[in-house]
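Structures follow.
Here chain A shows up in two complexes: once beside chain B, once beside chain C.
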Partner chain A sequence: MSIDWSGIQGQASAKEILTQLVNTSRIPHAFLFHGPEGTGKYYTAIRYAQIINTNNLTDQSVAIHNHISNLQEPYIKFIIPLPRGKNETESSGPIEKLNPEDIQELKSELQEKIKNPYYKISLNKANIIKISSIREINKFLSLSYSDVKYRCILISDAHLMNEESQNALLKNLEEPPAGVVFILLTPYSNLLRETIRSRCWMINFQPLDNQNIKKILSDYFNVLESVAEEVATFSDGSVTRAFELINNDFKSLKEKTISVMRFSFGGKFHSALNEFGSYLSESDSDSIKLLIKMIISWLNDIQKHKFKLNKYFFDDHLDTLDKFNSKFPDVELNDIIVKLDYLSSIIKNNINLNLIALNIVYELASLTKRINK
Partner chain B sequence: MEFKINSKILEKLLSKVIPAVPSRTPMPILENFLFDIKDGMLTVSSTDLEIALKSSINVAADENAKMVIPARLIYDIIKSLGDTQIHFKTEQNTKIVLSTESGVYNISYTSPEDFPDIPTVNKEKEITLNGNDLKKFIDQTSFAMSREDMRPAMTGTLFEFSEAGLRFVTTDGHRLVKYVNRNIKFNKEEQYIVPERAISVLSKLIGEADVKIFLSKTHMSFNFGDLDFITRLIGEKYPAYNSVIPLENDKILKVKTGDLLATIKRMMIFSSASSKQVKFSIKENALEISAEDIDHGSNARESVNCEYSGDPLDIGFNTAYVSDILSHVNDDETVFKLHSPTKACIIEPGEIPENEELMLLLMPVRLNN
Partner chain C sequence: MAYVVTARKWRPQKFVEVVGQEHITTTLKNAIKDGRIAHAYLFAGPRGVGKTTTARILSKALNCLNPIDYEPCNECETCKSIQAGQLMDIIEIDGASNRGIDEVRTLRESVKYAPTRGKYKVYIIDEVHMLTKESFNAFLKTLEEPPAQTIFIFATTDVHKVPLTIISRCQRFDFRRIELDTIKSLLEKIAKSEEIEIDDKTLTLIARKADGALRDAESYFDQVVAFCGKKVDSSTVTKILNLIDDEVYFKLSDAVLAKNFKSVFEISEEIYNNGWNFTDFMDGLIEHFRNIMSVIITGNSDSIESAEIFRKKYMAYIDKFSQSDLLRLMNFLNKSGQELRFSQNQKLKIEIVLCHLIGLERTSTITEIIEGINKEVVELPTNLFREQEKKNYRPEISYKTPHFTASNVTTAKVKEPEENKINSSEFNFDTIVNTWQGFVDSVSQEKTLTLGHFIFDIKPVGLSGHKVNLQFNNDEDEKSFYYNIDYITKKAHNYFGKKLEFLTNKESLAETSTVKKNIEEKEITSNQEANTGDEFADLIINELGGEEIS
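Let's turn to the complex of A and B:
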């Protein structure tokens, strides 16, 4: 039987595996969808829930389809990280103690996610899946639902379950009542306990190719094709990252990257730092990571150019690459990429961003022997 | 579509249905009423997916319509209108206009497709209970439901139908309540577990009138004449509670319920906050009750009149549980059936109406000397 996966871009192997499972009507009771953010894990899970619930069913299938698209219980129980409420105790429900603004934010984010399955939900201060959410699953499972074919428990960002929550989940994950399917979604499956992973059917999601990214950006995010085209190359196959780049004004980010590097390579430290300064003043600490990533992509291009490979990130700056390689034919790039990576990783430790900027400029300058280390 | 209705009548209807509207939910659709106008009948329903309420009233509407209306908004406005005639009218399929003599109120509504289905329970299995009886059963038993989610079955009330009568059972592992009504017989043995939320809403809805109960595998529905209450059941197996009820308890202690309860209330003040322990020292026709808070160096002791003829016995209980149980004995006299300091104790009222049975079971706590 052919299955309708329309709208879900890429992920041929994941679709194939799921299709096979449906066709053999052997539905595992737990899945772990594992792959980078923004590659369609959630969308696939929702579609899968629709398929298994409406398979061989004609009369109510449209209604069930809509219920699932709208994340309605009992067909879907959607678990996401939530902020902690004021005076929240062990026995409070997951949203019982949240203030009205938080609830409002939660509702509108969920609405956005329902409308656009590639949207990334981001709630303020929501960095853990609460144990009360897991307890709620247990309660939900205890109720009698033999009138519903499959109830899907969708746990988004499953790696944000702490030890306690993971343990609470184990029992039901191992032997859920009949007609229950767990789908755990996470980019970091190695952060989950081995006992959780071993109970789940693992399905890998690959980074999307540029064509898919472009299609999703223009279909779901109303991004202009020219912008989508440009960002797709830099997105690492993730819609979330592509959208992040667009939100951070990709054009100017790209220009900043080029000018920072040009000044650094040329030994014009003051101008390079000025560029950084103006960039930092109008963006938050996370966006400097984007800048570092852009620089690494550029260095990557240099390497590729050396070996005369044809696919470049900065393909509109080919002459610059050419010039750089002819002028500095034997620079050692590995060290500097490792250093830049390290600089990017210590930002979360609340380090002074100007210090990071200074380091980046000097690292780049050392490449062209403007300074000696 | 348009119709007219008195505000007080509508308020009464909405107030019956609003308890099932959840106050905090990430699903906006649940914060609405479903208004279903069909052949001169207005049916209002609400649900939080676990329980659902549905009530109907006659209206002279010119056509059929179905719409989803924000529950709090419409309830609050109708409630604050006073006694007046309201004219309902829909406009452009998105707005409902309520007009009174002096005011016009516009409320937007949405289409009913996304509203969850209100389950209907097959009328095959039906029993009728007197409202007062049902209320009594629930009041007598609901306090002992477990609040811990580890064993979901125990978080509800067991309705057990059998040839010997209708049994209501609740337990949290420390105490157990069994209430039997032998008048209501059923030809098959069947168990249904009703969740805690349903029981607490139900106890507020029950009035004097008879209640019709319809049963299905997944739902139980209560019909109060003009109001339907439907709850989903807990789909687990209830623990085999009969096996924990001891049969060999032969030491009988009889006390006045009021006296003992008053004493226990005073002992609660003295028992330590962590163990909440109270000690019963029982000798022939003498009961001494004592509590001690070692941390604060305080203790208390009282004698209570009793009838007892067995061997002397010291037994400890949790004061909060004893107090809960005594408040639900419902008779002047309470009978304790004991066996040993480590075995479960059975508590029964001195007298109980014919064809009823109330049994409260309490696990003792180990005395620490």
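Let's turn to the complex of A and C:
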């Protein structure tokens, strides 16, 4: 049986394993797709649901495929984290108590996701998969449909299930009725309970390579090729990350990184802080994380340059790397990266961003001995 | 017959079949032999090591009609009905779903009735840690003095969640993690009986991944067999289970030996492209070095959990690493492993860590150094990496003496001018140049943060009356300097004994450079003035910058 994976970039090994399972017609009843965000887990899951429901009757198959890609119950059930409604109790349905604006937002996000499988759904305050969503699975399982062979239950961001939700899922996950396939998607599989993980067939998703990222960005997000090219290197193999960088105006971010570092290394603290100030004033708190990441990438380049490797993040700033390495051959990179990492991790504790900026500048300055420790 | 997963099909039915827990099965058998059966048992231990299985076997052995050597016969009527789950006297309860106080109350009600057919009434409560606090407390009285012929067996993975009052009322058995070789031999047996071809390396991979849990091992085995069919090869297994290839570790340790920094980036790329977890890699790497360590210390590969082909490779490392080096490597890896867990940019971080790892140079032990001194040939380890590490990782060696004298010189220089304050009558540009260093030192000591980082770069280039011309490296420094001009003027007044005004030198660069040269020359001549009449003393003073103490 030939299997159509077209449109899904990369993920050769995941595709191969799934293909093999379809060919031997041993379909396990529970999968756990894990791997970084924005690598095509959702898209693969949808496509897999379509593939296992393909039969010889072309018309019928096409109809079912359409139902599945439109996320229509009873063909597929899609569970996502939802915000909590007002006065919501355990017994109310997952979207029963949401206010109209939330529902509107949910609808439009889902539409977007149907149109573009690489889109990341982001709902305000949706940070948990509610137990009521999990309980709805029971209802879904108790009914059976004859016109579809396998019905899939897709749980996106499965790590956002809390302890109770996970426990409530256990029984169904272990022994679902015939013709039901669970697919759990998560970037953080180690946050799931061991009992959940051991019940699932784990399929690993790899970070995408730059070519794939570029293609997805231009095919699905209409990003200019030149921009896609630049961003892909910094994206860590994740479409979501790449898109985040584009949203934060990647070009100016890169320039800011270089200038902040240049000023800090040179001990020109006023200018460095000014740069930071102008950057912080026009962006949110997460963007400083990106900046720190860029700085670490740059330091990593220094290391690579020292060993004459030819794969850099900052390809167009080779001369700067060269100059830095010849001027400061003995820098201690390990410590500073630990510190920068720490700085980027305490941002979530609601720390004053100017304080972070000051710390970054001084850390960088200490690297070139502008400050004695 | 319908397909039954390996873990259920091969569930042991006798005490002797339970592998890896001999200390428990023997104890239990002896207890049955002597008739010293406790009324409550608590089985604790990690997942998939045989807690539930042992509980079931125990309940069977107690009720079996014709036990053979205190093992259940698995053939008599009671044994069969227990296996089919029909005997009313054996009650198996899932503690995770029946955790409320109401369930426990019902249970307490049923406890008082005598067994119907067998000798004992056995309650097996699995996952007992999930009972609520109230349920546990409701249990206490019953558990302390249950009716005769009633036996409770609790099984749990999280014994710390069970109240101490419950634990103290039970006989506690701690189940061990099952050793790698035991898992391997069992899987081999299963493979043989199911006619599946599987090699030692693959078995090791599965057993290692299972991490001491037999059920996990068996379900991985199932997965692998489902995927590969009758012939299983290790490369597919690595792919399905998403395991890190052991070769990677060897590549890295070879890189450490060869000081090959480039391979770090190849390795990190490989991990990244395969979608392996960086923290898993770090854990594996620590274990890898631990294996090398154990080979070096014991001289054989007995204490390594590894496939046969890798044992040979480990043995090859015997005289390549020294013990202290390995300890240092492992220490460093351990620390970095912690940091990596909380890192936001794991890939970038791991590259730096691994580079650092390779850069950790060889050390000489103290005895080696002493021997070297005796031979008057101190062989310092070759320094292939940066100076910095020397400070961090070789605190025992301090052969670099020049550093010491250098600092002595500067302190000496600083103190001199401070003691004999300059007379204002003989105040000229030379005095400023000669004492400038001392002035700068004391300024940078007092105002490290605001002035310290650039004040050394500022040079006096001229003097006219009370006005000193200064040469700055850049505008930035100049700006910062004038922010603190009040302090500096005051300080200069104290130091030079004269009120001075500081001006920026706007002259052309060429001129300043000649002036600079002059200054340097002057410094050199001032240093070479030492003449004590003794040839060696002169040499010491001039070359090492010493000072004569009379």
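Quick notes on this structure:
As a working rule, the second predicted complex is superposed on the first by the 367 of 373 C-alpha atoms of A that agree within 3 Å, B and C clash if a C-alpha of one lies under 4 Å from a C-alpha of the other, contacts with A are read in each partner's own complex, and residues count from 1 in each chain.
Basically, contacts are C-beta pairs under 8 Å (C-beta built on N, C-alpha and C of every residue); 3 or more make two chains touch, one makes a residue touch a chain.
Everything quoted here is computed from the prediction, not taken from an experiment.
With chain A as the common reference for superposition, the partners chain B and chain C occupy compatible, non-clashing space. In the superposed model, A:K86 makes contact with neither chain B nor chain C. Of the two partner chains placed by the overlay, only chain B lies in contact with A:Y145; chain C stays clear of it. Comparing chain B with chain C, the partner in contact with more residues of chain A is C. Once chain A of one complex is fitted onto chain A of the other, the partner contacts of A:Q206 are limited to chain C, with no touch recorded for chain B. The three-chain arrangement built by superposing both structures on chain A places chain B and chain C 120° apart around the Cα centre of chain A, to the nearest 10.
Minimum Cα-Cα distance between chain B and chain C in the superposed model: 11 Å. Counting contacts by the rule stated earlier, no residue of chain A appears in both its interface with chain B and its interface with chain C. Chain C makes touch with chain A in their complex at residues 47, 96-97, 215-216, 219, 223, 226-227, 229, 239-242, 261-262, 265, 272-275, 336, 339, 342-345, 347-349, 351-353, 355-356, 386-388, 448-449, 452-454, 474, 476-477, 479-480. On chain A, the positions that touch chain C within their shared complex are 13, 16-17, 20-21, 24, 26, 28, 35, 167, 170-171, 194, 198, 201-202, 204-207, 209, 236-237, 266-271, 289, 292-293, 296-297, 299-300, 303-304, 306-309, 311, 329-330, 332-334, 337-338, 341-342, 344-345, 365, 370-372.
Those residues of chain B lying in contact with chain A across their complex are 24-29, 49-50, 113-114, 116, 119, 147, 149, 152-153, 155, 195, 217-219, 232-236. Those residues of chain A that touch chain B in the complex are listed here as 63, 66-67, 70-74, 91, 93, 95-96, 98, 103, 106-107, 110-111, 135, 138-139, 141-147, 177.
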